[in-house]
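Just so it is clear, A, B, C, D and E label the chains in written order, and each chain counts residues from 1 on its own.
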Amino acid sequence: MSAQTLGRMNLGAGIISVLTLLAALIWAFPLYWGVISSLKPETEVVRPFIELWPDNLTFEHYIHALTATQIGRWYVNSIAVAVGVTVITIISSMLCGYALSQLRFPGRKLLWWLILASFMVPTQALIINHFVLVADLGLLNTWAGIMLPQLIHPVIIIVYKQFFDQVPQDFREAAVMDNAGEFRILFKVYLPMNWGVTTALSIVCFIWTWNAFLWPFLSVTRTEMMTITVGITQVSDAFGVYYARELAAAVLAGLPVALAYLIFQRKVTEAITLSAGIKG
Amino acid sequence: MLTNRRKDAWIAAVLVAPFLAIYLLVFVYPTIQMVMTSFTDAPLIGDGAFVGTENYERLPSDPRFRTAAWNTAYFVALTVIPGTIVALAIALGVSRLAGRMQAAILALFFLPYILPVSVVYLIWDWVLNFQFGILMHLFDLLGIDRVPITKSRDWFMPAVAVVTIWWTSGFSILLFLAGLRSIPPEIYEAAELDNAGRWTTFRRITWPLLWPVTSLVFTISLISQLKIFDQVYLFSQGGRPNDNLVLVYYIFQRAFQQNQSGRAAAVAVVLFILVIVVSVLQFQLLRLAGGRK
Amino acid sequence: QETVVWWDFLGGGDGARMKQLIDRFNQEHQGEITIDATTLEWGMPFYTRVQTAAAVGEAADVIMYHASRIPLAVEQGILQPLTAEDWQAMGLGQDDYAPATWDAVTVEDQQYAVPFDTHPIVLYFNKDILEAAGVLDENGLPMGMDSREGFTETLRALKEHGVRFPLGSVTADGNFMFRTIYSLMGQQDGELMTDGEFLAGDNGEKLENALSVLAEWTDEGLQSTYTDYPATVALFTSGEAAMMINGVWEVPTMTDLSAQGQLFEWGAVELPVIFDHPSTYADSHAFAIPANRGREMAPEKRAAVLEVISWMANNSLFWATAGHIPAYESVTASAEYQAMEPNATYSSLTQNMIFDPRSPLAGISGPIFDVMSTYFVPTLNGEMEPAEAVEMIRDELNAL
Amino acid sequence: MGAITLDRVSKRFGQVEVIRELSLDIGAGEFVVFLGPSGSGKTTLLRMIAGLESIDAGTLTIDGQRSEKLAPGQRNLAMVFQNYALYPHMTVAQNMGFGLRNIGLPASTIEARVREAARMLEMERLLDRRPAALSGGQRQRVAIGRAIVKEPKAFLFDEPLSNLDAALRVRTRVELAELHQRLGATMIYVTHDQTEAMTLADRIVILNNCRIEQVGSPMEVYARPASRFVASFIGSPAMNFLPVTREGEGLKLPGGGALSLPGAPSGSGPWELGIRPEELRVAPSGPLRGSATVIERLGDRTLLHVRLADGTQVVAQDSGKSGVKVGDTVTLAFETAEAHLFDATGRAVPLMDMAA
Amino acid sequence: MGAITLDRVSKRFGQVEVIRELSLDIGAGEFVVFLGPSGSGKTTLLRMIAGLESIDAGTLTIDGQRSEKLAPGQRNLAMVFQNYALYPHMTVAQNMGFGLRNIGLPASTIEARVREAARMLEMERLLDRRPAALSGGQRQRVAIGRAIVKEPKAFLFDEPLSNLDAALRVRTRVELAELHQRLGATMIYVTHDQTEAMTLADRIVILNNCRIEQVGSPMEVYARPASRFVASFIGSPAMNFLPVTREGEGLKLPGGGALSLPGAPSGSGPWELGIRPEELRVAPSGPLRGSATVIERLGDRTLLHVRLADGTQVVAQDSGKSGVKVGDTVTLAFETAEAHLFDATGRAVPLMDMAA
């Protein structure tokens, strides 16, 4: 290696940092551009120049999207479905993960393998029979129908199991010595011990559900039952032929999850790494 | 630990029941149904007659199925390896930053990942718009001819692939970052004292130590890109030649547009098996490759 | 109090007109009937949704349907037939419609929908630009409307005059271009389907001719390429495109902008005669009642639905302000209608309208439509030779 | 309160029998330390008493009550875990009250007991803190407090000091000893640190390979180790062992020296002679001779690592001001009375201590 | 080979100046130990020498060469990290050879040096293993081997023993001392364990708050601590400190006793009198008197925790056979020559040692 001084190494590192910063700005630029375009009057949007800031900032497209369309209703649907899926998935996964981690019962191994294996399975392949199933149950165009096939996230069980596995056995034993029963151990000791895991998993579960497209797209045939991610691309009276209105709707659809991410950034990254830690 | 097995089993049953019920209803039952449907000529809703393996026999000579399979493979090729490389490069860059700066930059790279696909579509459709898209304005400035990126046959899949990489890289970046962070800094300091230069450090230290994460990222993106539908569907609005036809799209068309669930289910079964085989195979392969290093 | 759930796919300027109509209806029927309307994405998404929804009993009470697609719908069992009592209840009948229109909603002597309008495509033009380029004739109409060469000359003149796009075409959307191309085939008396065979004889050649004209314009830079629907409208209204081929339903967009003083002098005429004789593709919006599987429609509801349809027919003069030509003849016969502009300018084309083949394979987003439009985008934008496209289309159609 | 008797208890993990017919009596109020190397069964034994491991055979009697089948919560014992196992989401007070809440004591009783324990351990100020906001030593005290409030029949400790740093370990050790004096409760304490065992225990139970090697007071096991294992395990630096054989009336030492020992045991050996470093002193003349290889100065004393002529390494302890340097030849002497003799199986052989 | 000189070096992390104008000379072949509590700057100082932290001001000279601007690899030093930092994906041989490969040595030379080092450390059998397949002690040796093959000007160690268990730590300590004798190389060793420092060092550098408190041989810092901090940090059990004030010619001790001390320093105090436990003995009469609260029997010696009349706790060391029991009243005496006096700022005040 040629003569290399500390100073030169720092210079090299500095260049890489600047490049990374540039790359990040370019990377995020489409997002910025989408937001900015939605704040321009329609006539300005189609001007043939690059204008990084609107001449006339306007919220008219947002007002239009919120008042003249069903976007409000879709918001309610999306929230209801995402919250529903999150609550049900988290609770059922938590209970199952606890049992797998802490209890010895017949069929435990088998169940564990099933859960691991269902990772690989493409739920997209099941759309036909999910549709038939939900139709048979009479749940098409209902929140329950949108939620049902989304209620399985094996990852969450696996993360929970691993989390419970990692809790030192001592806590369990301390609680047993303290006369606590199984449910008390779960709800009074294990869960409160680290709400962080539950919060993180809830947030990503919420984001996943909020972002789901294929199933809500298939299972809802009535506009008023659509989730926002489906609605904004499937219903056209909402926006007509106006680019800026469409973008405003897109911003509105992305905003809750984007905000959730920006507020809970650490939790989200934690959950993502948690959820992947196991697949390897 | 002193335990009472019978009591444990009862408690376990109660705890596992909610998940198991959902699992059987939403997963096991539809899977069985899917296989059964694939041997019938059923429409979307309602029963069909048993037709044996006819639906499968038609597949090899079905040009649309072949196109769909080919396009899926093409899309996978366009996204998986390039996506992994892009994510690794970004992660390496981000990992050099520290503190708030790192968090902010990471957020910029990660933000697309948490957006719904329809938002991603609308934004990119606008950016790439042939008349008003900012990219075209940029081309004009640089004196490049405008390219109708999402509308032309040659560019359609690559464009969707680029958007997909942009959309999903955040996830891989996080995994790579976690991998990089788990390499103890002392290892790098030891390498520094051992006179290892930047490139040697990457090739002899970082890359081998990151291999497990690399193969994980690779596997995850391979599996998920095989199931591609949303982006392709959205970007094809307005009608496309068959260059948009991927396997899940084909299932969707057969079942929901042409009302032929039997034939669609056969394709679904094929996809189902394909994904499982591919993921198992490649997981083993990667492990072998990693083990030999 | 009945609520009638209504689905349509009217996205543009006509969508706004329809909203007004619905509002008026709701006002006039306060306490009796309310229309609960939604507008879905036009084309395949709309029909896929109707189809799956009807199959599981979740479709609306009344839907707007393209007449061209009715044979397919009937085969799929998605629509309820309209009985004689229904017609009576609505106060409408065969006599109120042009024969071609009536036929369009009839399959095997049974009606499945109530025609509402016919909607051809027309040529919009920017009088200011055309005048400046010297291609506006003394009647204020574009020159060269009678031949391929003539019209191409006009386009070239505009180009030389510095107009970016002499002609705005929805070249990024094969679905849309189906109309233009089918019109051009019609000008040569071309047919898609003869005795169950597709593009037989010289029909393939005629399709190729049609595609060639457009491809040629693209080659010469006379036509906007890869332009999607909103972009086409935006190009025209912003003056970047001097002319535009689009549906009559964009008329309200123009009138509205004009009214706000934001538009140039504009006009709309029947398509130029590129080939042998005038001919324009048209389809018809009609009202249909879905056959919701497993859900019987209550008589009261049906009565309300029929009232909605009937009211709409009787008030379709307003619909004409959306550019469309009402199907109800007592409306088109009225003096008021005859005086409307620009409808009057292109009213001549009613004699030259052609419709889709009557087949379950035809219709908006039907299999034929789907196959053909798939190949239009690459051909019209110079990525594929017209001959090759015709070849592919013929093969795929015959494989249906 | 709190006498504990184990009578021929056994324990198997799967196929492996780990503890086999072990018996032990622990008197009420006694401080008993289980001492042994890693894997010697200390934890297992403690957990069998606590009820966290089942007892496969034999009986456990606590305070006269047969207890081997009772659930852990019902034995009324309190355990302090190695890493304290404090519930991180509860305050100190909640941690201490959790066990009492589970048996449904009224809030006022709980409150009173927690206050009392906190007062005794001088941590009233800490009651509202979470464990994360406590130092290692404070956590340790909370863990003990959690045990105290239960007013248990006996306290069980599993290496409670091993997570503390050296200085704190010493301090806490002293506190524990004082606590035992104050409460007078039975305490069973597991450790592998002989210093802890020596300083805390009334009696030490030395375990090896899951069997009891010796039970006795600290000074007994130090001065009269029953086996080579006990001798080597107790005392730091560890006892020196020299292979010896009989020579005439005495013993032949490695490196050529000899030890005249009129009353030496019968038989011809080989034996091992054990001498603690602190008994080996540098002297003008003596039976051992070698050269110093490493000198470790600890301030108050100096450890000399001496290699004898035949290569055997021994450690001798000299005063803090020792003048020996590396490479010096030193002669080492010791009192025969302080030497120990072990036979080939490791059992102690009595040395006639009137001799020498 | 390997003299290292730091001349008024400074280091800041962001706004905080951590090390300020620190100077230190290390002779070639010397074994120097940096000793200090956590956060005292030991690691920082070591890393500044290694080049892993930049030196903001001042100069570093290694073997006569100005080195503060050189990249770590170019200083030709070898470092053994606390957790060894072995490359987990390389075999032991590859680990050891990595640094040599990077400077482009021919494969045969590398092979030879690796073999030689492995032979010296008795780990030839391990050469093909990965670090994961090694025990803690073996990893430690590999880390040292990796340093040896580089034939560096100096070895830097950052708490290399802290991850080993107690017994292994003692053994490895002795091995390290022997290694130093064999190689004769300069070694700088960081630890917070005073026993390690005492037993290994030629000279100890005692750091506190990122400043040097004292530099000296182990016996110097033990016998003549320059400050109260050094005195308290070195020696175990720790020195007793008694608050004293002048009384006439002597000092007034807590608990009422007095120390006649003709040549006591001028001024009236208050001072602290430091006496190591091993210098405090039970005697029929003496200046200190109190009752034994805890007795810790360590076998060869016994620690008496004594509470003086005013509540001050002191620790005294008695023989292993001490007869003192808890509660006994004991009188403690000491040699004035062995006592230390510190002023209010913690600096040592010379006590006239002809007195008493």
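Methods note: a contact is a pair of C-beta atoms (placed from the backbone, for glycine too) under 8 Å apart; a residue touches a chain by one contact, two chains touch by 3 or more.
No experiment lies behind these values; they were computed from the predicted model shown.
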Labels of chains that are neighbours to chain B and to chain C: A
Chain centroid nearest the full-protein CA centroid: A
For chain A paired with chain D, centre-to-centre distance based on mean C-alpha positions, whole Å: 55
Cα-centroid distance, chain A relative to chain E, in whole angstrom: 53
Between chain C and chain A, distance of the C-alpha-averaged centres to the nearest whole Å: 41
Inter-centroid spacing, chain D versus chain B (mean Cα positions, whole Å): 58
Where chain A touches two or more other chains, by residue: 1, 4, 46, 131, 135, 173, 176, 218, 233, 243
Sites on chain B at which at least two other chains make contact: 1, 44-45, 129, 131-132, 195, 197, 237, 256
Shared interface positions of chain C, touching two or more other chains: 41, 45, 52, 55-56, 229, 234
Chain E partner contacts - residues on chain D that touch it in the complex: 166-167, 170, 173-174, 177-178, 181, 193, 195, 198-199, 218-219, 222, 234-235, 237, 276, 278, 293-294, 296-300, 303, 305, 317, 320, 326
Complex contacts: residues of chain A adjacent to chain B: 1, 4, 12-13, 16-17, 19-21, 23-25, 27-28, 30-31, 33-34, 37, 45-46, 48-50, 88, 91-93, 95-96, 98-100, 103-106, 108, 111, 114, 118, 120-122, 124-133, 135, 148-149, 151-152, 157, 169, 172-173, 176, 182-183, 207, 210-211, 213-214, 218, 228-230, 232-233, 243, 246-247, 249-251, 253-254, 257-258, 260-262, 265, 268-269, 272-273, 276-277, 279-280
Partner chain A, residues of chain C touching it in the complex: 5, 7, 9-12, 15-16, 19, 38-42, 45, 49, 52-53, 55-56, 58-60, 229-230, 233-234, 238
Of chain B, residues touching chain C in the complex: 43-45, 63, 129-132, 148, 151-154, 237-242, 256-257, 259
Residues of chain A that touch chain C when the two form their complex: 43, 46, 70, 131, 135, 140-141, 218, 221-224, 233-238, 240-243
